[in-house]
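My questions all concern the structure below.
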Amino acid sequence: MKKILALVLVAVMAVAIFASCTQSGTGGGVEYALVTKAAGNAYNEKEAEGFKAAMDAQGITSYVIKHPEKATVDAQIQVINSLIAQGVKSIAIAANDANALSATLKSAKAKGIKILTLDSDVAVADRLTFCNQAGVQEVGQALIDAVYDIAGGEGDYAILSATSQATNQNAWIDAMKKIAAADSKYSKLNLVEVAYGDDEPQKSTDQTQALLTKYQNLKVICAPTTVGVAAAAKVLQDKKSSVKLTGLGLPSEMAAYIGDDADHSCPYMFLWNPIDLGKLAAYASIALVKGEIDGTAGGTFKAGETTYKLTTVEGTNASEIILGPPFKFDPSNIAEWKKVY
Amino acid sequence: MAGKSGRTISATPNRSFLKTVLSWEGALVVIFIAVLVAGRIMSPSFTLDGVMFMMPQHLCQLFIVFPMAFVLIMGEIDISVGSIACLSATTACLAANAGLPLPLVIIICLATGVACGALNGFVLTKWPELPPMIVTLGTQIIFRGIAEVVIGAGSSLKYDSDNLSPFATYLGPVPIVFIVVIVVAALFMVLLSRTTFGRRLYAIGSNRIAAKYAGIGVNRMRFIVYALAGLMAALCALFLLTQIPAVKSDEFGKGFEMNVIAMCVFGGIATTGGKGNLFGAFIAGMTIVCLRIALGLVNVNDNVITIIIGVLLIVSVLISGISQILARRKLKNKT
Amino acid sequence: MSEELILELKGITKIFPGVKALNNVCFQLRKGEVHALMGENGAGKSTFIKVITGVFPPEEGQIFLEGKEVKFKGTRDSLAVGIAAVYQHPTTYPDLSVTENIFMGHQIKKGPVMDWKSMHKKAAELLGRLNADFDPHAEMGTLSVAQQQMVEIAKALSTNARIIILDEPTASLTANESKELYRIVKQLRDEGVSLIFISHRMEDMYELADRVTVFRDATYIGTYDVNGITTADLVKAMVGREIKDMYPKPKVEIGDEVLRIDGLCRMGYYKDVSMFARAGEIVGLTGLVGARRTEVMESVCGITKPSAGKVYLNGEELKVKCPKDAMDAGIVLLPEDRHKEGLILTWGLGMNVTLPVQDELAKGRIFNDNKRERELSRDLLESVDTKAVSIFDPASSLSGGNQQKVVVAKSLAQNGTKVIILDEPTKGVDVGAKAEIYAIIGELALKGYAIIMISSEMPEILGMCDRIYVMCNGRVTGCLDIAEADQEKILNLAMLEKGKEAVS
Amino acid sequence: MKGFLKKITGNHEVSLAIILIVLFIVVDILSGFTFHGINNIGEIFKNNSLTLIMSLGMLCVLLTGGIDISITGVLAFSGMSVGMLMKYNVIKNVPLLFAIAIGIGALCGLLNGFIIAKGKVSPIICTLGAMYIWRGLATVVFNGEWASGENVAAMSEFGNTAGPYIILAAAFVIYFVVMKWTPFGRKVYAIGSNREAARISGINVDRVEIAVYTLMGVLAGLAGALSVSLYGSAQPTMQDGKEMDVIAACVIGGVSMSGGRGTVVGTLLGGIFYAVVYKALPLVGLESIWQNLIKGVIILAVVIINVVSQRLSRRQALARREI
């Protein structure tokens, strides 16, 4: 009896495997790969959309976009390993952690795979170049100015970041702090805490509430992460709190909260275009594989109509490609942009 | 030396090849081969090199399958192993970053694991009426909590040294970790099926009170097994560090306990204790590893794999339930 | 008592996987009678009860209630027509209150919700009717077994049962508690309730029953008037043959003192227990249930820790920290509950027998020596004449008597044994197998072991032992030599509470 | 006085309530009397409403001697279903969405119950498998999408009304009545206390068990919809790993893992206890990083203290026994 049941089990499994196989249907060799931070995140989906658009525009079909199951390094390594085993030529990756991927990326490098990063960087030795969505300096400046403006020039503000290890959030926050320290204009602004919501809606919600409870005189929260800013916006708007919000957010997610009146929690916010970032990563991948650039600073390549240049990351000899300055979303343009991404 | 009535009792085991093949382990081997064949058909990258390349990351969990099988055979459960791996990896990182030599790093890592396991064992043997599920749930949160306090929430602690790289190398096409897993598997199999230690485990799992009356130090055995689970979790952490050279308190080893329990149960080990063997658990673990690799290579969403494992788990347990019910019916019809 | 039948079963057959538990059995119960149901273990009594209450629907046969045929699909149906059962092991809910235990399944409701107030009131009434003096709010788990049994009877009464079935109600009761139960049974009978009760104790039957029905090997043997049948005839009906020499005690030369227990205490269990046993001697340890005989012997064997006192073996003080220490020293315990403490039922007989000595047999004390284990276990099992085909048969497949033989074989496995402690060796063993076990015990004494036998059965104590210790409520109240011992003396000592004079 | 003390220490719920009140007052003083505000208390309930609601279902499951670790998988699947229905404008009606989520949860729970009761599969294994399945389906079926912001605006608005509080209160009142005063509730206790006896006294054990797991599913489904409305987002990984919090809340509240023991009031206190500590830590200056560590210590401490006090009272009873 057990035998028959076991055979049934085997059959069920075989069917399941082949069913899932046909579902994916990626035949042929894969050359270009994009690995995002995790499945589900709308921002990541937009990056993927841009990557796909650029590849399609170049007539390249041998590419794959992989969203790891969860926003963990473990899941990301699993995905990268399977790409290495498939023998891809380049991997563009938005790293979940700056340190943890190094062993995996080294073994990819050893197999001659071109590694580039976008959105969040890894240790510079582990990649050829980094597609930077916005210059650190520019983002820091835009955010601290927004805080200054919304707070009315003085008062307490807090930052709700992703994780304490998130490379770009940390860079932006550092830049904000440096700019604020350098100019006496910002001397009356007081940063009370940098809280971490780990890019989870729930934890971000909890952290926002904790900030409100802890600091009664809080005027502004600045959240330089799309997940954090959306969670904080909901908390503030639901509570009809007098605390206002700014940061980096997706227009489609934030449209409900953007407005100049008391009913809305966010007067304005910033972001670059993740679709463009995805496109940039795609063109950079192609350029690396074709040998147009080799990852050293000074090289140039064409992305559609625009020509991009590899610049040096401050304090290192590694390169990065800067997408452009952040874009401001306010009540006047949000309705239009929320349809785009 | 027959008794008064002169009745004799047979002492020859009744083994048959057919029975072995038709056992659950036999079925697992068939499934394992089916997965390999299906993988080969589906993906051109599913070659020996490809599989071996992807294996190390998945194989680490197998270290914990063996001691977990021991725990389950005793009729208990340990859901803190993932956290123990996390904490051991943390101490290993601290030790390595402090510049300690590799042997010392390894000792510190393994000692952390044993200490954590021993804490489980201590609490559970000091107050045997506590359910293992709740105690290890508590320590699960505590161990990870300690790692969190040490590392910081959401941050990662980098293993800042190359000295683990010998463990990440290959012997021909075979990764070192695979060889170590095989060796460990063999050791644990011998321990369970050939030694008095293993016999005691089955005795405890089948009837704890009778085991005590037969002179088995039940609490001593439990303590040893939980400490062993800690040790193997630390070994898992060590090898995982070669793959993921940084520890995040909320990620490292997370969910391992459930994956490992699933492998054990799929391998025919009953959570009620006293039943199952390591060969089944090992093959089940390898099947799941290869399934993950195969589906990963054809770019199937990892969640599909999760669903398949869930279905396999329930179906495999259902089969034994159903076959029992059917066997009973059959017997009834005979009489 | 009238001749009118309230319940009649005809041609009942019940089949379990592999066995016919009941084979064409019939039974008649008259209105207002107390009807005893007797038979050896495995004769089918308990199954029969479950057929009456609808737990197991029979494969064949009919049930008539007051002449009308009824069919029970579950206990719900039988309860509805007024049949209630009180099972052997109280089937209570230890975590719930007494009231709830009484009314489980037929709660009093006020609209959709339960009416706790009237249930408590009704429960108190029912308990009052049985002269029980505990609070219906009390948690069931805190009550004694006798009190729990009262609750079970109250539960039967609460359903207004016309037929109450008692399955071995006195098995775990003390003599006084049994008397209380007799009173209740008689009271119920006088109120017009018909009762069926199952018991192994002849005294129960003579005290209460009007008629007795005997089952053997799943078949119906006969129904007799209690006054019209002798004990010998009844035993013959139950066993199917005459038993000539029940207690084959050999003549043994009694040697030196082997075991001495001196002033052993365990807080809350027993106090100042002193006794000794000599080589070749069979020492009886008796008393009522709850005298804590088992607890003393478990401490001697290292299962529990005594709080004071010493144990000497061959004149040397023995330090026992765990059961293994006691076994290594040469003290072996055959526990009372075979299923729970003695055997691993899912294992083969062979592995069960060699479990305590697997270390000694193992190669290098680590690797199991399967060949040696198999040979040793086969020899031992044959030496006690176990009815089994192979040492790989699971222990669960054997009958109670044969399981007990496996436990005996297990206790013989190790070398250097000096003292064998048998805790209720014939409990739940049927009459035929009992005699065989007594024979084995006699042989063991002949081999020079010191034997301590805990038993509640007076005939077995008087038939087998050389000396008898009697315990009451955690104290040794006396030691009798076999020559001076009789049932009355033992009972007096067994009921000798501290500070009171012997009741004569 | 002695009797009073005994009553306090003898009853898990009472002692827990007292500890909770003391803790509350201490925290209130330490935080400069900001803790007792209605907003703060409201927030405590709201932030923990998912755990609290699911702990009711878990209570019943644990009472029967089972366990269900698939609840957050069910939560994610039902929550995602609701989120996607809204995102693609299929259904916008909030009550209807709640009903759908509850329906999905009920089906998931029914499946668990059926496999456990009829297939005689051990609950932890069945629900472990179910956890994998529902969590996986939450991603695969909806292609890994998220729904948030404007997509789920209607649900989100509901989350900001008194709705969640009412649902929470209603769930507890209903469960309190059902578990204490209806035959169904008592059957659940009976099964956990002595399964064989329950069978013999005519309780359809299988049916009750299936009902218990189905109810667990209902509550997990409800929690899924509630999660979407409280956090304004639905993503496949939502509430990952929180099933252990739910079990922990029950255990702290005095529910026995072996079945038969535990009350609705205890469960509520267990859930709040946890929540108050969680909320209080940052207020008394302990960094949030210590929260998890302290959480684990609390769980362990509560179960150990329980055993120690049981042993103590048994020892006292033995010492009183006359020999």
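Labels A, B, C and D are assigned to the chains in the order they are written; within every chain, residues are numbered from 1.
Following the convention adopted for this analysis, contacts are C-beta pairs under 8 Å (C-beta built on N, C-alpha and C of every residue); 3 or more make two chains touch, one makes a residue touch a chain.
Everything numeric here is computed off the predicted structure, so don't read it as measured data.
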For chain B and chain C, chains touching each = D
Return the chain whose centre of C-alpha atoms lies at maximal distance from the corresponding centre of chain A.
-> C
More Cb-Cb contact pairs, comparing A-D against B-D, go to B-D
Gap in Å, rounded to a whole number, between the CA centres of chain B and chain A | 36
For chain A and chain C, let me know how many angstrom lie between their CA-based centres, rounded off.
-> 73
Euclidean distance of C-alpha centroids - chain B vs chain D, Å = 29
Numbers and ranges of chain B residues touching at least 2 other chains = 152-153, 254, 301, 303-304, 306, 311-312, 322
Two or more other chains in contact with one residue: find those residues in chain C.
-> none
Chain D: positions in contact with at least two other chains = 139, 144, 236, 288
Give the pairs of chains that touch; include all such pairs.
-> A-B, A-D, B-C, B-D, C-D
Could you please specify the touching residues of chain B with respect to chain A in the complex?
-> 22-24, 26-27, 30-31, 34-35, 38, 42-43, 45, 49-51, 53-54, 57-58, 152-156, 158, 168, 242-246, 248, 250-252, 254, 291-304, 306, 308, 311-312, 315-316, 319-320, 322-323, 326-327, 330
Residue numbers on chain B that touch chain C, as the complex places them | 1-5, 7-14, 194-199, 202-203, 206-207, 209-217, 274, 328, 331-332, 335
Residues of chain C touching chain B in their complex?
-> 15-20, 303, 322-324, 326-327, 333, 335, 340-347, 349-351, 355-356, 358-359, 362, 365-368, 374-375, 377-379, 381-392, 410
What part of chain B is in contact with chain D in the complex they form?
-> 77, 123, 127, 129-131, 133-135, 137-146, 148-149, 152-153, 254-255, 258, 261-262, 265, 270-272, 301, 303-307, 309-314, 317-318, 321-322, 324-325
Any idea which chain D residues touch chain C in the complex?
-> 177, 181-183, 186, 189-190, 192-194, 196-203, 260-261, 315, 317-319, 321-323
